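Below you'll find the structures, each written out as structure tokens.
You will see two complexes here that share subunit A, one where it goes with subunit B and one where it goes with subunit C.
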Partner chain A sequence: MSSKINGNVSPQQCPHLLDFRSRNGSKPFRALQDCIRVKPPGGRAAIRREPSEVPGCGTCEESSRPRLYACVACAAVLCHSPPLHSHASTHALSNPGHEIAVDVDRAELFCCVCRDQVYDRDFDSAIVLAQSINAIATATTSTSGATAMQCNVAGSQPENLRKRRRVDYRPWAPDSREHVIIGNHSILLHDATNASLISSTELPRGLRGLNNLGNTCFMSSVLQALLHTPPLRNYFLSDRHNRYYCQQKNGAFNGTKNSILCLACDMDAMFSAVFSGDRTPYSPAKFLYSWWQHAANLASYEQQDAHEFFISVLDGIHEKVEKDKTKSRSPGSGECCIAHRVFSGILRSDVMCMACGFTSTTYDPCVDISLDLEPNQGGSGKSSSAKSHSSCNVEADCKGSNQNCGISTLKGCLERFTRAEKLGSDQKFFCQKCRVRQESLKQMSIRKLPLVSCFHIKRFEHSSIRKMSRKVDRYLQFPFSLDMAPYLSSSILRNRFGNRIFPFDGDEQDASNELSSEFELFAVVTHTGRLDAGHYVTYLRLSNQWYKCDDAWITRVNDSIVRAAQGYMMFYVQKMLYYKASEKQAAS
Partner chain B sequence: MSAPNEDNTQLSSHFFGDLLDSIIVDVASECHRIAKVGLDRNLEEEEEELRLSAQARASVADPSNSGEANNKYVVDIFGQTHPPVANEIFKCMNCGRSIAAGRFAPHLEKCMGKGRKARLKVTRSSTAAQNQYSRGSPVSTYSSYTNSTSTSRLSNGTPGFAGEEYSNGTYEGEP
Partner chain C sequence: MKHSVNRPPTPDGVVDQGKEPTLQEIINIKLIESGEKERLMELLRERLIECGWKDEMKALCRAYIKKKGRNNVTVDDLVHLITPKGRASIPDSIKAELLQRIRSFLVSTAL
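Presenting the complex of A and B:
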């Protein structure tokens, strides 16, 4: 979505605008730049010849019209007040070449003949540049070469996002020779017309129960998700971490040690076992043993948290690799280890001074996103129509769904996560331009999406008053398909600058990234029960079928069970890495 | 000529009307841009997901649906049954004893000395503390204005020590 307007695609232009452009180029728009006034912080752009100008219609001399337009050709200010009159249209019709005007209060182009707002990239660029003069940033990562004006807005590259040489995506189809090779080495699938012969036990590979070793469902639930995380599964099944080689290389089998601690090796062993075709439940005992050595402070067989385990395992895989490699990798690039290659993304944090508009930007890598559930809406479900749709209302979280106010959604949580948040007066930020602490606005966005997004829902509520903690059982709706585009830095920035047509930080110029913000759900870890006595279960989506993984028990469930479940961790993979079962042809 | 009060009421009505008109045009202009430039979200898909979710919840709540009998499985999809406590026997990799799978974790806990003696010498380096990806640094949670030490910890299993003391999950390996 956002990539469509990254600078490559223009909205359809009306013939008058096209005509105007062919006659005048973009010079008149750039000449307007001097008249652009922006109220900080990050306010709307307006057109004024003098800062204190009060525009009024040249014909009727009214200033209080809601829509006043300045003719781009002659700078005459005229009103447009249908259905009464439109002095702007009259002016355009009687003066050829004067069809295009600009809304003085909103800095939007208007075609007075079509009587409609129109859009132009060069005009938008001029506006954005004028707005960014207010927001000159010194990003905390180096931005060598970029002009100060643009670095915050257009394509400032955090150093951990150094451009990798990209290869254009080209879909592949076999040629005739390759067809023959494929045919000779393939095992035929059952003929669709013999549908009855397809045994019901033709079940996906890698589906295998995990024995509970004693309150270890926190572990088996996360392991099931990892075993079916497509890029991770592919990595291990392609023998990219060979445990025999790794152990030998690191000095096992000689000396006193029987094995070197390496969670990746244990993971490799587990992948081999789970995908072996053996369907009896597997006991991840060695994995538990290794993990307890790695996470010594969590080595107790009671009360463990699945999310904590997840983070710990990724950390364990990363750490071992870090020790092996001699050169350090820049964090966030994901080049360091498979755990980060799969799960690591980059978050962008902007803090904007509310006095002067100066914005400070930082980038941080992350392996997952922890989301707060909305604050208690107190009586969810009632009076949904009474709830306002105002975007300023921090409590109402029902954007985009009129009839479902009261239901928490994953998208709602993500919207809150990326919302501009006013920092409290006790959290004033030091503004580098004002040289004092000022009230600020903070906004998060996703600069780089990982291959696999893990969303962790903070179902924990801690009350310091009552000195207790409780679990929030509130239902959270999560989609099976998720488009992350609205939460990207490019979209958030674009929205902050009025949705102008301009390449913002993160916009990719090439079309191969068009799909890269679409994700598919493949695993859900759910928790039922109380805070201190509960049970984890994982639902896996394989070939468009959902399976429930409850320790050793694997059963098939339908979509509804999963949709209605209480999600604690949701795993989404980039759509292009996700294989759906193809539609089988109906038997004739 | 109307009385001064009436004038004021009329005037304030007039201003209010102007402001309201202006705000309406603001919103219209923004929506128009979003639609024309191609930024509008696919609301139909989102509404469909919400509808499916509501439908699912209704069908699961319906007692007439067999639904899933929690933990009362008969056979799994491979036709197997499993006892409540896993009975696969294997050797403990720490002490060599034969243990039943379902009792392995409590055994290992004692066997490893509750984790304290478990750390082998070579698994930690001091650089682990500065590891950007360790739990303490801003890796997974992002509102630094929520209590950053708040943990969202859902434990499983039988109640051990109750209460709100949770490790904050720093994997530095320090004692």
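Presenting the complex of A and C:
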């Protein structure tokens, strides 16, 4: 029998199971459906005729046998205790058609003649359905219980994920020979024999204020984040999009045309200016003008939403691709343009019919993840700003368990985002198997992580009913290092199904596991003030120092200031692409 | 199961068969009925994972399957393989903890 369970190859069914299925119609395990009992502590499924039944072997009349099996054909409960005896096997051999049984404590199918576990899709989907329903019911009645379960999910990293990574992350420092090679082939940027010491007056390269051109803090905040997004910065600084070449190629210098609209060219110009070493604040007027042309409906001097700006900039860079037929158009693959190569990931959505367990899966590319804050905060009656300083110390204890501490955390939002959710009765989903609209469970997970994850916190609530919008000021705690493994499809599905066959085809062992799931925070866009009159500020993390970028003013700040800030957009980059300041090396 | 045709009579519950139940049997039923067995099982699972016992057993199974070939191994083979080693390698602290729990349960149900 083939062994791969979770995903690719389904186990070969033993002849007795095949036989049983063929003799018992389309729903051979229908009678067992009502006997599935799921116990809250672990979410384990058991088979009991009555909820309080104490199963015992019909032959030896003992309930203390470790393995008890219920015959699927006649409901007889018998023990299986090799090498002493197996009343279950005796029963199977003397009653043809009674070979298949179910382990009453584990809800797993067993063939008493082959003496081995067997798997059946319909049976497993019924079990999983019962477990999912139970998990939802538990979550709604007792939130701390569910969070505890989610904590276990978030805390452990599946072995497979670790093993499948092709290359392990290893820190590297040059040895003496390599030092010489590096020295001979490079030009020092500044006089620093000790590269690890940065004087307090010295700002790192690429830090330059951006002038406010009239309520453009939404733009300067996002631009600061983009200017220091490692893969994006590397792309432009290594001249991968040469603005002169691009303009010329698109016929800018011929005739009377001024310049072709290309946000990537404007971005290239900005990178050159910002990393030139000039410290006077830069005015991104050209970029603003180009962006206005791209997003005409947002062209005004009114305040705009930073997130909306971010999305439209990525869109603007992508649009150029339409003209280039050689590149693939699909954002999901990340091959189309640098914007998607850096930010695009793939989300997986599973919708499971609550009547039959049939699940429909869809994949959608996304350039960021928008997260809701908790609807109502039970624990923290205190004001958010007062709590924020004490919350720094609490971080270590809380991990993912935000409910106990009463503060919202980014991890808590991600757990909620990937939690199985019951769709309302007004959102019934058409089940292909039942051929009618049924109530369903929906669960999101991340199939492929982008190089840079942008988390957008939905702080602005627009209510079309009441014709008003409001801002949610609640403090959100976010970590400096984030492991996204628990939110990957492979983890979510493995935790949901355990050792059951997926009732649908899982194919999770590819793209998501190639790169690491560990991320480092490098930029935070914060918002202070009201919905209509507020201000955006970006905090950047360079060489393990935090800098506050408030339009034209850049100042160095402490960790704690950043932790206490009201995060609106958080940018995390794959740990392997993140350069931390190196420790002072013992060898040199 | 109610609709199955070839169905021998449903076996009755343990007590009515005229055979005197053993002490072990009585305790087991009491544990299950009160829900204590389920709680003890969960506790045991947690402890065995924490101390690495589960991983050890898993590694044993994997090694065995690798040796025999995955198409030639049944659940019974694996149970037979790890039962003696598993029982022998349970840390004493876990045994003590569970025995203590069972003891206090027995006292509280006033058998």
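The working rule: the second predicted complex is superposed on the first by the 338 of 588 C-alpha atoms of A that agree within 3 Å, B and C clash if a C-alpha of one lies under 4 Å from a C-alpha of the other, contacts with A are read in each partner's own complex, and residues count from 1 in each chain.
Going forward, a residue touches a chain if its C-beta (ideal position, glycine included) is under 8 Å from a C-beta of that chain, and two chains touch if they have at least 3 such contacts.
If you're wondering where the values come from, they're calculated on a predicted model, not measured in any experiment.
Asks: Taking the superposition as given, does A:25 touch the first partner, subunit B, the second, subunit C, both, or neither?
Replies: neither
Asks: Pick one for A:62: touches subunit B only (first), subunit C only (second), both, or neither.
Replies: Touch partner of A:62: subunit C, not subunit B.
Asks: Looking at A:43 after the superposition, I want to know if it touches subunit B, subunit C, both of them or none. Which is it: first, second, both, neither?
Replies: neither
Asks: By the touch definition at the top of the document, which applies to A:174: first (subunit B), second (subunit C), both, or neither?
Replies: neither
Asks: Report for A:73: first if it touches subunit B alone, second if subunit C alone, otherwise both or neither.
Replies: Second partner only, subunit C.
Asks: Can A:375 be said to touch subunit B (first), subunit C (second), both, or neither?
Replies: In the superposition, A:375 contacts neither subunit B nor subunit C.
Asks: Which chain makes contact with more of the residues of subunit A, subunit B or else subunit C?
Replies: Tallying touched residues of subunit A, the top partner is B.
Asks: Can A:114 be said to touch subunit B (first), subunit C (second), both, or neither?
Replies: In the superposition, A:114 contacts subunit C only.
Asks: What part of subunit A is shared between its subunit B contacts and its subunit C contacts?
Replies: 1-2, 64, 67, 117
Asks: Considering only the defined contacts, which subunit C positions touch subunit A in the complex?
Replies: 1-4, 6-8, 10-11, 13-14, 17, 19, 21-22, 24-25, 28-29, 32-33, 38-39, 42, 45, 65, 70-71, 74-76, 79-80
Asks: For subunit A, which residues count as touching subunit C in their complex?
Replies: Residue positions touching the partner: 1-3, 31-32, 39, 41-42, 52, 54, 56, 58, 61-64, 67, 72-77, 82-83, 95, 97, 110, 114-117.
Asks: Spell out the part of subunit B that touches subunit A in their complex, as residue ranges.
Replies: Subunit B reaches subunit A through residues 14, 18, 21-22, 24-26, 29-30, 32-34, 36-39, 41-43, 45-47, 49-50, 52-57, 59-61, 67-68, 70-71, 73, 76-80, 82, 86, 88, 90, 92-94, 101-109, 112, 114-116, 118-120, 122-123, 125, 127-128, 131-135, 138-143, 145-147, 150-162, 164, 166-167, 169-171, 173.
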